[in-house]
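In what follows, a structure is listed as structure tokens, so that the remarks can point back to it.
Naming follows writing order (A, B, C and D), and every chain is counted from residue 1.
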């Protein structure tokens, strides 16, 4: 980009000193960010990492002076290239916004005006008050450079007409058009599919870095930050705990919180058998209950009395490496163990190969009614073939991971299995007996034995009912527990998911996300279920909480000898938990087999691409190779041939587009794939690439 | 074990709503006035010096004075006593009609929307047809048919507002019925009645409370308008709307006999509106 | 869009059909004998019986409904029992009058309400907002018959500025009857004004809190422009629906207002028809009012769909 | 250029009109138009019209053969003179010549014949069928002469010819009630049902051109609204209004109040052919429970004449007996009688009341009085159309009916009180009373008639199932820019042609 501005060296970039932000006024005021120092030099990318409640978004918006009403900035100082941002008066502020900073928000769609064409909104970045006079060519060039192939059409489109990936590309273009000195990106890929995320991250790397723009990249994901940033700042409960260049931070994190966070992240290639997760116990203190001493003291494995007495300052632990821990030197020296304790390992390999649940040729279509007019105009039928002849089997005591991007049909499959949304065709067999397609027609016993834990912990529990009432009802309805004994059974259940009995009286609104999900899990186990479906059940959780729940699931599976069907878009989580894995694309199983094989040595080009797109919490892993081109096609217009043919990098020719690919089994029997390419050929293609993965 | 966060007690909910109602002067005034009106309706007849239809032939057409706070009308009736007695009437009619509408609307809306399919279609098509008629138009037609009486006024309000309540209920049900806890209940083999009543209904209640309060305000308005048009409650009942209509002929002779009932209507509707506004604010802040 | 339109028209037809059935059944159940209403209190039984037969009142109700609906749709609305006049010209003329009053009311109330709503929202939680909010809540509480009487008292009798009466002559030019329309329109305006202003405020506030506003501000667009070019367009879309709904409210309001001011509109004609048990007139007025209301809703929905690209293109 | 000129001229006219109308904001209008607030007429066919508003239209658009004046004297109208045969059976009228209908058709004896043939047609079952049943024939007996032949002598025959319905229509008239072609002082130029009627003066009227060029009848459902309009200057005349509205106009600037005593009355009656009115004790209790003086005072502000439960009011000077009085109020006695009749716990009655005039107030006061004596009254206010419809006034047990003023009292007895009379709403039947009515209606002797009426008054006052608490006056209010109003006892018969700008 040809940007006329002073060379990077003569500028400071963003500098934040002792910044605090509080919400509310007077005695009710709570600090969301406390005393944070931060520096983003021009041309570098700083990752701001933290779990929910860490204050990272508040901090990011504070430097933009874009906080919502009710927030108070200060004390502290924010300067951009030496200009005091907090002192700016309205007119200066407008100039600051117009010419010097830009934001790429988490949700692109609501961040665009729904009733203005995209082009006009882009033009406003160039000419805020006279968008009509903006240079169209410049906009088209920018759209082109952010990977939008047809700028003229896109300019005329409305935001809702674009796909999620396109929307985010447009937002990035909008931000870059203003040639900002500071670009704040607030979780720009968090709501995108992994292949789209990879493409967007690639875009950020190529188009943003090195333009001299200072980038503050906010994310909850250590993996994303690792692949993108020069420096990482870790925020915990509104306070800065560690700040370091990427490489040392991931190689040797110094703060116990950073250490715990990295230990909580599931990684592809390290299953539960190889490396159990080490979650951080307890919960992040709310803004109102911060201790006087070290903010992490309550959860720290290396805590000592002095930690509780006094807040630690930022110590320089190396070049550009600072940490807010009084014991960092001991940690470096290895004289104390700052890692959380590992949970006891249960793993044995003696799972019998009996099949608990078998799904055969499951088919499901959603139809949208067509009007007479549509038919006359021969508009495409709006039928979505959500599941196409899906065959899967769940082995006793094992976990079958089902992965796929949004729209792949994985949730539809789960709801078909439990009978909430009956399949159109195909057959389920459960414990040897056929299952009716509708839950209402299944026997009480079948319902009891086959349960499900849902995606969103916020919606999983009836909000007006206490936890105890919810669990009691499940016990009484399904397990046949006597009402008088139910109270005790509830306590036992709660204990089994590591909650104290007094949780029985609480309502879901009083619980954290992790606690709610524990209760939902307890409910599934209340009936004595033998097979449990998990539909994105840990996806909304913070990584440290997610680790605890994953460990819990693992423990419960052993204790109850249960079988899991675990659905997730997060390959790392599936890789961690699953014994077997199936990859779904547009309603078809593209590849299935034992997790160790499929995820380590994918045969199918889609599995391959998917794995390649997953960011790794390891800067040495480097960026994903060649992100997958294009977007998920409109599910209403899937061609007769291989559904992946439109994006497949290994597409053979017309055959892929025209003929449905055959089901093939690899020589070792570990990969069942749907592809026109011979398994042997695929194996040959994969071998050199996968060498770097630990087996 | 996860450490427990401090938890609010169950009573806090009610206290919070109450606190929110009194957090702003407007809703505080509204709530207080509604309470005063309710108190008047409950105790009114015991408080007033004269019967609502009692004619003091020697004290006709008196301007407000110590013996007659609001004066007397042309027939020698104490306007204060009539206004106070009218509070009970209008609150019972508007409140009763609203109550029936809320109960009917909630249950039909709840079950039709939960069941979906044809039931929902038929129920709400019917309701749409009813809603296509502006409330006063519907009321005039029906009261012409049923003949004016307290019962018919109540029934008309119920009929006019049932579809509106049902719509509000349906909108919440539609957003709630796909929620996961409802799916979880189905996976527990729960009956439709349980799902509708125990899983969905509680989520409907906050919106329903606000809607009920608003309906109540409109119902007061409607009862008064019907009284004014002479198709509502029959004389000599101390119906406020009717009193205004009767006093139209007397406005030059005894203006107070028009002013006080008119003021009472306005004050009551305003208070209910203010209180409903506060209630909505309170419940919204609770769900945030 | 065409599909949407076809669907909406279908629903409209269904709703009108159901309403017509409802109206017909209700009016049939009304007490009072149309024949004796037509011929007056002094008519004898033979004359009454003969008239009943002429009117087809001795036929079964479903037959009467079928006949009535068929004729109504084909434009033959029959004769008024009360006045012996052809109903269609009578009702269309009064509809014109009512629409004139409604139009004036809307023309004043809607822009004013939108303006007040926007002012309140932009100044949320500050004094202009408090003033407008409390003021609108207060006005919402004033029934039309109270407002009307107060306005008459004040502007007609005390100040002598405006006529207390709106019995305008048929066919009179709008300008010449304007003075007579002012008080009735003001009366009908007040309640609507408050209602629409409140909803506008809520709608603008909601839009103001949407992320795209932040995006716009961060582009350095001026406050005023953010408000006019970004927020208002989206905030006023829902106002279209609100206006359509308040049209129903207005119909109710006009029944009262027209009676208070003796304005020759549909509302006064309706009370006359109900008073006289003039069934065909009642049926015609009700159906016309319902159709007007339904059309207003339809137009609002279509307008909404047209202005909202998500519906127009989706 | 031409277009521009035309446009600007039009615009100019328009602006002028606007300025003009704005100048008239508060409604002072040219004195040549008389704007009259009226209740809403519905049925304008002369054979069926009944309300004041309806008769007001008819009596100003058409003419009667003869009419009565304020002193109850017969006055010639379309008939210039008349004579009666010795046997009192044959009445010959000489008609006014040179009279034309508004349509231009000449008026002649055929029109009179057509009018009365229609009104007396027994098959048509018109409201006047009974009244003119005594007519044997109506014939044109000369170019300007009509002869009526009666079956029986009728001393009130000339009064019968002044009946409200007996306006003379064109013998070829079509669409009566929709097309108005009369000989009267005003011709209808525009009629918007339920809204207004515009009439222009008939300059060729035999009594001379009316006092104003244009007459506008503006209809009001609510008299209160009409009075407001009068006050505000949008009306010049309001006929008929309830007492408080009349009272409230006292001292109103620019408005002249008119009041005329009438024999009109509000009749409170109990149906006697079934329980509970069947029991004379109940009738007595009713009569004893009512405080008529208080009613006159409270309901009519003392403006009405006290009634004594008979339809003969003080206006009929020749027949009215001041000494006749119903039993004085005695609440305890009434309660005893009720107990005796078996209603010791109270007698529940629904009082049906037409929602017009002072009747609602009367009902409210009556309810209070009756309840003191052990009645329990529920009021049911109804629009007049419902009250006078099927199942209404002739059907209900207990009701209040308004009876308009008539020139002679015989009308009331024959239609309301005689056994089986068409409008005998109390279903009262007493052979002695019937004999007296028969006598009064046929005797040529004034003395005999007066005696019969005296006896009737005595009977009705002491035991008739009626309470007639007052004879109401009629009210009107006229802007003082006009003069010449002579309010009639039946206000619909008021001659608007006599009103002229001051």
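FYI, a contact is a pair of C-beta atoms (placed from the backbone, for glycine too) under 8 Å apart; a residue touches a chain by one contact, two chains touch by 3 or more.
These figures come from a predicted structure and were not determined experimentally.
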item: Most distant chain from subunit A by Cα centroid; value: D
item: Leading chain pair when contacts are tallied as C-beta pairs; value: C-D
item: Centroid distance [mean C-alpha coordinates] between subunit D and subunit C, Å; value: 38
item: Between subunit B and subunit D, centroid-to-centroid distance (C-alpha), Å; value: 45
item: For subunit A paired with subunit B, centre-to-centre distance based on mean C-alpha positions, whole Å; value: 48
item: Distance from the mean Cα position of subunit C to that of subunit B, given in whole angstrom; value: 23
item: Touching two or more other chains - residues of subunit D; value: 222
item: Multi-partner residues of subunit A (each touching 2 or more other chains); value: none
item: Multi-chain contact sites of subunit B, meaning residues that touch two or more partners; value: 147, 248, 251
item: Chain pairs that touch, as defined at the top of this document; value: A-B, A-C, B-C, B-D, C-D
item: List of subunit D residues in touch with subunit B within their complex; value: 222-224, 242, 244-245, 247-249, 294, 297-298, 355, 360-361, 363-365, 367-368, 378-381
item: Subunit C-facing residues of subunit D, complex; value: 14, 17-18, 21-22, 25-27, 40, 42-45, 48-51, 123-127, 129, 177-178, 190, 192-196, 198, 218-222, 225-226, 228-229, 231-235, 383-386, 388-393, 422-423
item: For the subunit B and subunit C complex, residues of the former touching the latter; value: 26, 125-126, 128-130, 132-137, 140-142, 144-145, 147, 217, 221, 224-225, 228-229, 231, 241, 244-245, 248, 251, 258, 262, 265-271, 273-274, 277
item: Touching residues on subunit A, where the partner in the complex is subunit B; value: 281-283, 286, 289, 298, 415, 418, 420, 439-440, 444, 447, 451-452, 454-456, 459-465, 473-474, 477-478, 498-500, 502-503, 506, 510, 512, 514-515, 518, 520, 523, 527
item: In the complex, subunit A residues that touch subunit C; value: 64, 66, 68, 94-99, 101-103, 105, 107, 110-116, 121, 124-125, 128-129, 158, 160-161, 171, 174, 178, 371-374
